[in-house]
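The chains carry the letters A, B and C, assigned in the order they are written, with residues numbered from 1 in each.
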């Protein structure tokens, strides 16, 4: 089962001929045409929803465009974007999420899964409990967290006060806002926990028994048995985590909105990022520039930047993925 | 040695219970706030002085919660259905046929999967505006007819584990590609199909960005995410009602989960193992 | 990957979608002779039957009902026209709908922030041709209201009631003190009226100086020191006008007196601005800056309506006593978007709502907003109790100002507010450099938007 988890073969030859390792004696003529037929809706989809918009985004990035008038402005949008402190800030915020939130979630989920795997009784109920929060709709969960962590009226700081701890301002302080979102991510890590738990339970018991006879301690066992056995699953979680972090939008937007007390009543405006731009991610900045400020050309520059960031992480992950596979 | 084991056992269970309480904590606190008066919700007391069950009814009079739920359900169901109709054949082709460009095609799947939806938002929005389909959820549903990268990826990962002997035997028996898909592949791939369907449904159920961009002015066309996001501010209501709405939105999902727990866990686990 | 054919297809599609989104619009206003000579009488029948879509920002039941009644006055005059309404619509949504080709026939906004952008881009139709056709004298509008409904000579909006901002004070909490007239009096009184508990937490605030508190935006507070937003060429004057620094230093001193953390904690525990737990209603704050509409909200709140409160103009800088009595004004604006299905009908509706004296007086009395024509303001039926008269006075004061129209108005205010949040927190070491940074953001953006 594990052998099938490859996403990208380590080396691929041009032309895509079948690799000698997997000869297909029954290959028949006409498979190409049939494949094309089966793939055609998807190919149209890629052309319409991926290739065309990408080219179009490049085109618009050289224009001033507000959906009414289109005017060529050369590199103006690029110049503006690269001197705009908020672009840098949002890119760094997105990076923060990839570098801190994703690993935190993966490690936390792994820890909880390890704990659950070792429990013999009560595991079922606990499993349900740990999974439940991931079923809470994202918007609902975020709104709830902002309320619970409100420094003045929220119950969390109240509970902390019983223990003599002065709670921070959570979503209201630039330093704590992203960690608060990380807490929210840990709370909703049920899916990852379940995936890890299944992988851990799949590791054959006799491997541990043999290691224990050889005198390997818990940490050695984890390093040399558990980790290699579950590495594809870890990789999968890291990859999906990174995809998620790069397009992180909803939680940050809602948290800023609710925590800032921005009203949605007419006459008020809301700029994402509260507090102090600490929750402004690239996708939000793009959305705001394009669909609230109607600077479509500038938004397209943001889009290309976001594309570059996404592709950068894709390449890094795919390379690591390739290496991991060579190792196993 | 025995004592140490005992202690480990206790420590482990204590930790697990502590963690479980922390996971349940927010839900319990939300439930308690949902039952407070709006005045009390603005204080830091935890226990409702008076149990205001009418808050739940008030949510419905203050908002279009039912309409939003129906919209979200229609959006998620249609999108998921369309996704299956378009993604299964693509995954099937990628897993089964050997052809030039197969690896390139798979790389494209991965690239599109990695692409944040906001990257191509501007041109795609223009297309939908041109087609007069903004102010509706169709721009979020119709693209699903052309395959969803993540679903194709997961399905393909599962389908390549089905031994070729099955399809070859069916070919010898004179089955067409379509028959093979329906009679051989799909019955074996049922868990994978369930997993991607579940994933897609939940993605749509939680989607905020898409409806924010396309759903338009009319609250009757909103989804739950959109409605709940503006719930507090728009209706000048207080935290107690907001928390009551939060619970009401969550409840159906949890009820469905409790009835179909096995499908959920299997599906989730499968995505991990097959990825 | 052979993407060349795809690229060609893409470019083709691009040429189709660029330029304008949405469908063909009916002829703009003024393109054909107006069917009515003066908007009343039998000529009104000349318009064919139609159903208009009207979007507005009112959301509470009282407001919505009052506005619906005003519109009913129009449909009585034009029985063949039906009007469907959408309430609580935000500017973002209006702009998006117009740009996406889904415009309503008439749209009203609570702010004047987007007027420049709407007029300049043509999102709202130029009303000048029909105003001339119908022979309307714009002299009936006060100068401030005229100013905030047009941009660079393009009049794309009409004013529909105005807002003026002043000081509300809770008489019980004032302990007999008179409302302050200068900033130093405000500081002194705030210190006197603030109540703290044993731990130093704020229980009652005299005045909340935070720029993040409800109506305390820089645009509303600026008139207290006569601060200027823009130079004549549209570039930012925030860094160069010493009045802003005066305001900021005064504000920071008061914030520091409370203690930033204590003030923030207090602010975050306050009820919603539009809800029944408003801190002023709850007696948690003695003095607030607010719009004239707060009078109506107090009167309509079952708990707050018995509160003993007073209103006054905002206190002003100690060295600029001539500013006293003035304040900030802006108002609801209404116009006909580009792409409106029935522009001529739509104009009739806009005209009725914004120039019909009876309609304005009724609406003003119901919403307790300031009416925007001289005739309505002087009308005997206009309710003029003391608390409301304060705002009529502010509105007509010669020094009263509005936020000058700018295509990036929302962006600019946000750039300033972002800085102010840093400032009140104490994260700004060099005020001049900080304000220069705000200027640069505003000016760079101005350049990007093409002037």
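We adopt the following convention: contacts are C-beta pairs under 8 Å (C-beta built on N, C-alpha and C of every residue); 3 or more make two chains touch, one makes a residue touch a chain.
A quick note: this is a predicted structure, and the numbers were derived from the prediction, not measured.
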| item | value |
| --- | --- |
| Per Cα centroids, the chain farthest from chain B | C |
| Two chains joined by the most C-beta pairs in contact, as defined above | A-B |
| Chain centre separation (chain B, chain C; CA means) in Å | 40 |
| Distance between chain centroids, defined by C-alpha means - chain A, chain B (Å) | 15 |
| Residues within chain C bordering two or more other chains | 13-14, 17-18, 21, 59, 88-89, 99-100, 269, 272, 274 |
| Per-residue overlap in chain A, given as positions that touch at least 2 other chains | 52, 56, 67, 152-153, 263-265, 291 |
| Shared-contact residues (touching 2 or more other chains) in chain B | 42, 104, 108, 123, 125-126, 129, 232-234, 236 |
| Chain B residues within the chain C interface of the complex | 38-39, 42, 104, 108, 123, 125-127, 129-130, 132, 134-135, 216-218, 232-238 |
| Interface residues, chain B side, partner chain A - complex | 12-13, 15-16, 19-20, 23-24, 26-27, 29-30, 32-33, 41-46, 86-87, 89-90, 92-94, 97-108, 110-126, 129, 143, 145-147, 152-153, 157, 160-161, 164, 168, 177, 205-206, 208-209, 212-213, 224-225, 228-234, 236, 239, 242-243, 245-246, 249-250, 253-254, 257, 261, 264-265, 268-269, 271-275 |
| Chain B partner contacts - residues on chain C that touch it in the complex | 1, 13-14, 16-18, 21-23, 55, 59-60, 86, 88-89, 93-94, 97, 99-102, 269-272, 274-277 |
| List of chain A residues in touch with chain B within their complex | 1, 4-5, 7-9, 12, 15-18, 24, 26-27, 31-32, 34-36, 38-39, 41-42, 44-46, 48-50, 52-54, 56-57, 60, 67, 112, 115-116, 118-119, 122, 126-133, 135-141, 143-145, 147-148, 152-159, 187, 191-192, 194-199, 202, 232-233, 235-237, 239-240, 243, 246-247, 249-250, 253-254, 257-258, 262-265, 282-283, 286-287, 290-291, 296, 299-300, 303-304, 306-307, 310-311, 313-314, 318 |
| Interface residues, chain C side, partner chain A - complex | 3, 6-7, 9-11, 13-14, 17-21, 56-59, 88-92, 95-96, 99-100, 109-111, 113, 117, 121-123, 212, 264-269, 272-274, 410-411, 413-414, 418, 421-422, 441, 444-445, 447-450 |
